[in-house]
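Have a look at the structure below, then the notes.
Chain IDs A, B and C follow the sequence of writing; residue 1 opens each chain.
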Amino acid sequence: MRRRNPAAGLASRIGTGAVWLVVAADLLLVLWILLTSLRSGPDILHHAFGLPTSPQTDNYTTALDEGGFARAALNSLLTAGLSSVAAVVLAAPCAYALARRRSRTSSALTMTFAMGLGVPGQVLVVPLFVGLSRVSLTDSDLGLGLVYVGLAMPFTVFLLTGFFSGIPGVLEEAAVLDGAGPVRTFVQVVLPVARGGLVTAFLLQFITAWNETLFALVLTNSQGTITLPVALSSFVAAQQFNGLDFGTMFAGVCIILAPMIALFSWMGSRIIQGMTVGIGK
Amino acid sequence: MATTIDDPLRTGAPRGRSAPASRAGVGPLERQRRRMFWPFTAPALTVYAVLFIAPVGYALWTSLYKWDGMGAMDWRGPQNYILLFRDPRFRTSLVNTLELMVIGGTITFVLSFALTLVLREMRARLFARSVLFFPSLVNGMVFGIAAGFLFSPTGPVNQALKLFGVTTPPKWLSTDNLLPMVLGTLVWTATGYYTSIIMAAVDQIPDYLYEAAELDGAGPFQRFRHITLPCAWDVIAVCAVLWTVSSVKIFELILLYGGSTNAYPPVSSWNTAVYVYTEAFPQGTVPRLGTATAAAMASLVMVTLITVVLRRLLRREPVEY
Amino acid sequence: MGRTTMSARRVVGAATAAALALGASACGGSGDGAKASGGFTYWSMWRADEPQAKVLKAAIDDFTAATGAKVNITWAGRDIAKKIGPAIAANQAPDLWDESDDKVYGTTAAADQALDLSPVLQLQVPGEDFPVSQVLPAKYFDMLPKDPSGSNHYVIPYEIVTNAMFYNAADPAIAAAMPSPPTDWAGLLKVCDALKAAGKACIASEGEDPWSNALYFDYLLNGAGVNVSQLAADKSGATWDAPAVLTAAQQVEQLVKGGHLIEGYDATKYPTQETNWASGKAAFYMDGNYVTAEVAKQVPAGWKMASMLPPTAKTPDANLIGFASPKRAKNAAAAQKFIAFFLQKKHLAGISTTALNLTPRADIPAPAELADVQKALDAPAVRLGFDGVSGSWLPKVLNENYLDLWHGKTTAAQFVAKCKADQVSYWQTQG
């Protein structure tokens, strides 16, 4: 049915044109950022749009090394990666139990988690900062990771509850009849079937944590602990007093973008689909 | 997801799908499920309680004190909230937050529907959808940085406009235009995101419904109105709630759009998230954690109210197909 | 902007002290330093890749070599000003940190959380024959506001910043329009007119940045004898009714209405206009003297950096970037030894030679680009930018209103009325 309207009206032709225009703009923007990251700082300031005369990767060397982006990338990877794994590991059994058990407690808990979705991060930022500093977990990737796990709970539980609800109970029934305990049933029977959902939950959480800025700004500050968004923001902030090397900055931007581009080209449709399934029903 | 909040499907009935089990009454499976319930939920619940619920309570408590984080806490009672609403900067932030939510939301959803319509009939739709979705994976700060170049008076946007005969383009980056620019960026990134979700939902609508409608002579718009919209309603309702919450959280986009230095952006572009941040982590003064948390609680109340109203408005009988 | 940030007042601060102490003078670890064997923790406002950080790092290495004291350094960057208060609250504050005097005052000293560093003044500068008090001019401390304990030695400067109108003395168009620096406001306007006739914009301005643009207003008020800090402290706002205030606002308005600000200044983001200025599209650029370091890599060959104060201004402003210590510092003595150690000529000179900025020591020559500025700073008295107005008066009362005036959206009279009204409501919400 999709292409069923050969005599597409003018409106639809305009619409299609507009879509391609926006698509082109998106692609050009990414291309521009990429090309600019290969140019020298003063050159960029004088002509923001131009091709790299002699492409130089110096910017990347500077960004990774002196700019601290290498360390920040590692911190980002560890914090986002481990916290996302932890979030899924914690949320999966919980979501499974909530999806399978029908009781008033279960509905109340599901609701409690869902309400967390409506809490904006700014509500938590001061209390978490104060709390973590009491236990000496500020300026620490462990502290930041813990916060990410906590922040991830509502959405991950919500998403996975949706997934588990969609898995028929027949398999478990068979497993139980075979005498499997709840843990074995869950690990050996349910999890393999739900693998797609778990991966989606992980990816979504990873993306969120990778780009998260508010908590990272507040909770980390030394160059050994900051994540990429903080590194970028602090790099930009240093332009006062010493000027900003825009070439290096764009290299930093590319370092933040690259994994997202890679992840998205590789798993893009799964991410989109996973979101829809989790949200939809 | 928020929808889920009292989605019977999710809270009570999901098990409806595992029908055999429920029919079986209290079989071994049901017993096992009862036994596993607390051990399975406890870890997530603990983390959630400690790192999420407790902080919300703590924020509420702090909002009743005057506190710089270093010295003693002075009881203020509701005074912080009164001061807050007397502070013109908070009122601006609140109005901006609502503006981003309502105006941005309206535009985003209208565009998303339009795109869904267009994409449905288009070649290479999956490719186009992917590219449109991508900006939502990009950290908001990147847009702030890029905008300084793209929209400068001699930048490519104005050059392009000149081709179309626009010789006096708007001053994109002037202080007055910051909020509209933030709004535009937001719409641009969010449209791809919501289009993707709505489109995926639309793809699940069986083709025969459309075929039947077409035989009845329905045009694209009528098909959208009578088939797409009702069938995808659930997802749309969730998206609306999602938007409400996420629009209140916007932070880094504004921070670097107006800033680009370590100075805070002009107040005229603040939303409540930025307000909370500047009160709690000011640059040259002592933190005011009481007002910061009071502002945070005020935004929480606002989101909650709007979400509840929205859900009520969007409630429809589910369409079965 | 670049400036902005620090804003307001710029920079300097020094304070903190430092550290490494042992080395320095003789004492090795006084006080509680004993248990830590002279080591201490230091949070820096610089990122490790900045020249100031390199100068500090070299001194710290030297200090450690000389004294055996270990310094635990965090190159925190400018966000340090937002982090220090909460860190003190959590009892995790460093023994030494650095920032501009206004930030040190606003975040810690105003709340009585900054350590009085007067003892540093009595320490010998290692390897030199005099105490710290002799190498640091007292005028820099005299201008600072006192903290609740009555101290104005909560910051020990290692870098001085002043704000001025910078220009390229080698630019023939400027030389033609301005044979000698104007002595009154009308003179400046005449220079601007001449520049306009020659096809060059007079003033480059980052239109979105309230701080650097409001410096014109600050200097005009200074010339008219109005103290901004007193102006801000008036809860009734009546001080705004003084004719001198309106006159200063009108003079600013003349720049705006006269078309002397570079075209498009209100439609760009920093550093677009700084770049335009550095490539010769406008004559003057108001900023802190670190602007020379900011544009060092951009200016064309033959550029001759010069600077002047807006005509009529009586006293140059100054900000200190320096060391400070929180009251709760556990190894304060060790940190203080390092402060004295860093103030040695051989280390401090790096701020001039490597970081291309000014130091508080008169015997360290200024970098060539800053010769004019150094001369202005040699005046017997200096003052803080905006006369050290503290708290959030600038962002909450002045900034937005000033930008409206600067963008030509309000007249001088409207600006004054609006500031007055906002100041009244500002004081009502401070409590």
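One rule holds in what follows: a contact is a pair of C-beta atoms (placed from the backbone, for glycine too) under 8 Å apart; a residue touches a chain by one contact, two chains touch by 3 or more.
To keep track of the chains, here are their UniProt names: A = Sugar ABC transporter permease; B = ABC transporter permease; C = Sugar ABC transporter substrate-binding protein.
As the structure is a computational prediction, the values presented were derived from the model and not from experiment.
Engineer: What are the two chains with the top count of C-beta contact pairs?
Structural biologist: Per-pair contact counts point to A-B as the maximum.
Engineer: Name the chain whose C-alpha centroid is farthest from the C-alpha centroid of subunit B.
Structural biologist: C
Engineer: Express in whole angstrom the distance between the two chain centres, defined as the mean CA positions of subunit A and subunit C.
Structural biologist: Subunit A and subunit C have C-alpha centres separated by 39 Å.
Engineer: Measure off the straight-line distance from the CA centroid of subunit A to the CA centroid of subunit B, and report it in whole Å.
Structural biologist: One centre to the other, that is 15 Å.
Engineer: Where in subunit C do residues touch at least two different other chains?
Structural biologist: 1-6, 78-79, 83, 86, 89, 270
Engineer: What are the residues of subunit B that contact at least two other chains?
Structural biologist: In subunit B, the residues touching two or more other chains are 69, 152, 260-262, 281.
Engineer: Could you tell me which residues belong to subunit A and also touch two or more other chains?
Structural biologist: In subunit A, 129-130, 233, 237, 239-240 touch at least two other chains.
Engineer: Can you name the residues of subunit A that touch subunit C in the complex?
Structural biologist: 41-42, 45-46, 62, 66-68, 129-130, 133-134, 136, 138-139, 217, 221-224, 230, 233-235, 237-244
Engineer: Quick check: in the complex, which residue numbers of subunit A touch subunit B?
Structural biologist: 1-5, 8-9, 12, 15-16, 18-20, 22-23, 26-27, 29-30, 32-33, 48-49, 90-91, 93-103, 105-107, 109-131, 146-147, 149-151, 153-155, 157-159, 161-162, 164-170, 172-173, 176-177, 181-183, 185-186, 207, 211, 213-214, 218, 229, 232-233, 236-237, 239-240, 249, 253, 256-257, 260-261, 263-264, 268-269, 272-273, 275-276, 278-281
Engineer: Could you please specify the touching residues of subunit C with respect to subunit A in the complex?
Structural biologist: 1-6, 11, 43, 46-52, 74-80, 83, 86-87, 89-90, 92, 270-271, 275, 279, 288, 290, 293-298, 355, 357
Engineer: Spell out the residues on subunit B that touch subunit C in their complex, using ranges where they run on.
Structural biologist: 66, 68-71, 79, 83, 86-89, 147-148, 152-154, 171-175, 258, 260-264, 266-268, 281-287
Engineer: Along subunit B, where are the residues that touch subunit A in the complex?
Structural biologist: It is residues 1-6, 9-15, 17-22, 24, 27-29, 32-37, 39-41, 43-45, 47-48, 50-56, 58-59, 62, 69, 114-115, 117-123, 125-126, 128-135, 137-142, 145-146, 149-150, 152, 155-156, 188, 196-197, 200-201, 204, 207, 210-211, 214, 220, 234-235, 238-239, 241-242, 245, 248-249, 251-252, 255-256, 260-262, 272-273, 276-277, 280-281, 289, 292-293, 295-297, 299-300, 303-304, 307 of subunit B that touch subunit A.
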